[in-house]
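In the two complexes that follow, chain A is the common piece, with chain B as its partner first and chain C second.
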Partner chain A sequence: MTTPIVSAEHLSKWYGQVIGLNDITLTVPPGITGLLGPNGAGKSTFMKLITGQLKPSKGSITVLGEPIWGNPGLYFRIGFCPEQDAFYERMTGLEWVAALVRLNGLSEAEAAETARRALQMVELLDAADKKIGAYSKGMRQRVKMAQALAHEPELLILDEPLAGMDPIARRKTIRMIKEWGRAGKSIVVSSHILHEIESMTANILLINQGRILAEGNVHQIRDLIDEHPHTVYIKADHTRELARAFLAYDDVLSLKFEDEAVVVQTGRPDAFYARLTDLAASGELGSIHEVTSPDDNLQAVFQYLVKT
Partner chain B sequence: MSGSRTAPSRFGSAARVFDLSLGQMLWSRRSVFLGLLLGFPVLLALTLRIVDAMYRSGLWRQINGVRVGGATIFGLMIWLLYIRFIVPVLGVFYGTSLIADEVDDKTITYLFTRPIPRSAVLVGKYLAYLACTTLLVLPSVMLVFFLIVPIGGGGIGAAFPALLRDFAMLAIGLAAYGAVFALVGTRIKRPLIVGLVFAFGWEPAVLLFPGYLKRLTVAYYMQALVTHEMPQDSAVSVLMQVFREVPSLTVSLLALAVIIGGTVWLAGRAVEHKEYVLEQ
Partner chain C sequence: MPIHDQGYRRYGGSKAPLGQGWTVIARAGIRTMFAKRAFLGLLLLSWFPFFVRAVQFYAAANLPQAALLAPTAETFRQFLGQQETFVFFVTVYVGAGLIANDRRANALQIYLSKPLTRAEYVFGKMAILVTFLLLVTWVPAIVLLIVQMSFAGNFTFLRNNLFLFPAITVFAFVEVVLVATTMLALSSLSNSSRYVGILFTAVLFFSSAMYGVLRLVTRSTSLSWVSFAANVDQIGDLIFRQPLKYDTPWPVSLVIIVGVIVLSGIILERRVRGVEVVV
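== the complex of A and B ==
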């Protein structure tokens, strides 16, 4: 059995009277894991606990099999890209990454070489000698990632790495993260945007109000949808006739009309879609122009789960 | 690479943090502001030199009827302006913010997620503070020395060894105040206010009265390091006598060493155990 990269037992964190994390027990397997949750859900607290910036109020947490709080030696094996857009602005990207890598025990020459290599990995070598203060948002995100991966850690922890990036930089970064995963690195990546995580990994942790709501394969989590009403938006020629037909199905929980569409909530989406396909193919109730579901992305899964 | 590396020693780690921090500290807004503050003694010295040139009769060179040479004025400036005012100000403003600046700028994360002890971050930044403030104070003192000492016919060559001792005293003062305020900065909320109250409330007040309380100040031990002779039979000398209920040089140096070592150690321990929650 492989050692989990992160393991938490009844982990809680309070900030005075405010609960950051509440009695979390979980294991994060090797590979890429996405940490999902809205702002204020406890993602940052979890990230700070697994990077040893905070001490658990209760319970325990181990990273790569060792406790992380007060264990600086473990940072040889971990690279952390924090969320905050904070730098020594007067330094160039190369100087900054090299200075940080030197803290890992590298000589000046080794650090410069390592920093150059890391900047190349994030496609920032051309701007290595530019001051960080002059970098674009995307470049700043990438230089943060360069300092995290420069020392070739086993585990990369990326806190909202795509925040503020333009679509092209976002695509590049997602590609890089997947490549690092394929190269054998374990990665914990957080985001509050579900499709971003979905594009990087199928293995997710869903967090809200300081609790883990679900963990595992995204498809398993999708199955949870079946336990909750699923919304389908159908644009058709004869919406009233359609609605009348739907009322005969016992899995249809509610109906409403919007513009030229009927919006259905069903408890068994698979069965509903199958019948809807048959209905469209028969043409008995006119043409069906558009079938969409706001539940088709993970955002809806998340909303379902947080409502429970 | 990750498996083959060993962490730099504690001092090696501190030296690397020093390298990283010195440039940031030197070119910070705080350094610009305090650099301007250090221009004040130079301006004062320049004014005195001009007045000296204008009144060659030497009238102004008498304080309460006692003739005062340039070296004595320089000594007074070192004690009253630098040791009692500028050095504590530098100590308060830099010392209390060694870690707080990184927390406010949210850059502390990068230092605390590296394979070095957190206390090494504090020590490295403390050493950077010492280098930075010494670099700020040095030109100011040099200029004041060259402007003031020749007044009244004083020889620069003869006074130069005293200047070197003054530099040593200033460095010790910066080290002691910086260490005390580094501890204040890591332990206490609103460290700047507490630091200013300590330097400009507690220390001057306690030094005025006889008793043991003055041993809980840095200034008490700094007095023994002052080598300049003060004008005798004057108001200034009376004032200095009140201030200077002085411990021996050895006791002072030992006490200052304990203050510096003890407070830096305690500050390091505080940083090791403290959680820094960054504002989102």
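== the complex of A and C ==
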């Protein structure tokens, strides 16, 4: 059996009378693990506990086999990218990363070289000598990641690394995270967006209201979700004709019209989406402009899971 | 033909062991301050009294008609007293932003996710301020002592005042540690270095003003312990074997000084955290 990267036993954290995490017991295996939960679910509390920035109120937590609280030596093996920006805007990206790398015990010259390599890894070397104040949101996220991985940690902890990024930066970052995973790094990455996590890893931890709701393979959790009616919102040229066509499908449970869209509840979303794609490609019923699913909203997913 | 690996090369050099992170913080801070021209100007200005005293010592040693200017232990006590003005300005200039700027930039969370303890972080920050404060107190006073010996061409003064070296050292240490811990504690309370500077000035002047009022009301100097500066003066006079200026017993001043240092330590312990928990 592989040694878990993170192991928590009856872990709880209270902020006064407010509970942040409630009696969590889990193990995180090596590889990429996604921590998924809506805002306020306890993700950040969990991240702060596994980075040793908060002391557990109850229970214990070990990272890479050692207790993390009060164990700064462990930070040689961990890289942390916080959600919040943490910059001196007047420093260049290279200066900032090099200064932080120095704290990992590297000499000045070595730190500068290591920082350059890290910036190259996050594809930011061209902007290394620009002031951070002039960086875009995506560049800021990447420079934060550069400082986290510069010292070649065994474990990378990334707190909402895709937050605020544009789609292209997001795609690049997802690709980088997957590459690091393939290169043998263990990564714990948090997000409140299911498909972001799905695109990085199949192994997820679902967290809500301070408790772990589910853990394991995202597809199993998807199946669990798919047992429940799935709502699809379709904007098209001819919604009434579309609705008539949908009525012939036995997996369509209900239909209604909202503004210029038809809202469908289906029991088998995969089959429904496949037929919808065929329908759109054929053009028989005019153009389909927009297909959205409020079920992609994580809160809806959690509501489903909590009800089961 | 051998083909060289062009891929990513892992760092294979040595890494400093845990416990030396404070030197990185201190060095970076000191370098940042030395890069500021205004600060260099302030440092130069703070050495002006030194040059005045050096001229005085030269005259006393070489001109018979200037024998009146011959240095005594009190001269060194006065010199360090004069330097208190520069101690104030250097403390505000260097110290106000030491932690406040990190708090404003959210840098603490990142710093403390590196192999660096909170104590090391505080120690590194303190080392920056202590270095510059010693540059305006201990260093010029010791150099002045050496200058005196050089101009006099003998060790007579030093032999007669052997306690001066430890006195300068102890007084500079007490003053610098008190001021540095207080300023760091204040700096940890805010995200604004300006506000911290104002707060430090207010603490200093308000405590002195309060003592002034109490002295007028009570017609006594026995309540001088309420003044930050008076406590330092009282201990300074004691260390330099000078008559005490105030009626406050010196142990009271010492307890106040130690109390302020301890209180500052408690504030730092509570405020210097990677994550601020507001309950």
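Here, the second predicted complex is superposed on the first by the 227 of 308 C-alpha atoms of A that agree within 3 Å, B and C clash if a C-alpha of one lies under 4 Å from a C-alpha of the other, contacts with A are read in each partner's own complex, and residues count from 1 in each chain.
In this text, a residue touches a chain if its C-beta (ideal position, glycine included) is under 8 Å from a C-beta of that chain, and two chains touch if they have at least 3 such contacts.
All values derive from a computational prediction rather than experimental measurement.
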item	value
Joint occupancy of chain A by chain B and chain C, clash or fit	clash
Which superposed partner A:G42 touches (first chain B, second chain C, both, neither)	neither
Partner chain in contact with A:P153 - chain B first, chain C second, else both or neither	first
Touched partner set for A:P56, first chain B, second chain C, both or neither	neither
Partner chain(s) touched by A:G181 [first = chain B, second = chain C, both, neither]	neither
Which of chain B and chain C A:P82 touches, first, second, both or neither	both
First (chain B), second (chain C), both or neither touched by A:R90	first
Partner chain(s) touched by A:G210 [first = chain B, second = chain C, both, neither]	neither
Shared chain A surface residues [contacts with chain B and with chain C]	15, 51-54, 72-73, 75-76, 78, 80, 82, 84, 86-88, 99-100, 102-106, 114, 147, 151-152
Residue numbers on chain C that touch chain A, as the complex places them	8-11, 13-18, 20-21, 24-25, 28, 101, 105-107, 109-117, 273-275, 277-279
Interface residues, chain A side, partner chain B - complex	15, 44, 51-55, 70, 72-78, 80, 82-84, 86-88, 90-91, 99-100, 102-106, 114, 147, 151-154
List of chain B residues in touch with chain A within their complex	1-3, 5-8, 12-13, 16-17, 19-20, 23-24, 27, 105-107, 109-118, 272, 275-278, 280
Touching residues (chain side chain A, partner chain C) in the complex	15-16, 18, 48, 51-54, 72-73, 75-76, 78, 80, 82, 84-89, 99-100, 102-107, 110, 114, 117, 121, 147, 151-152
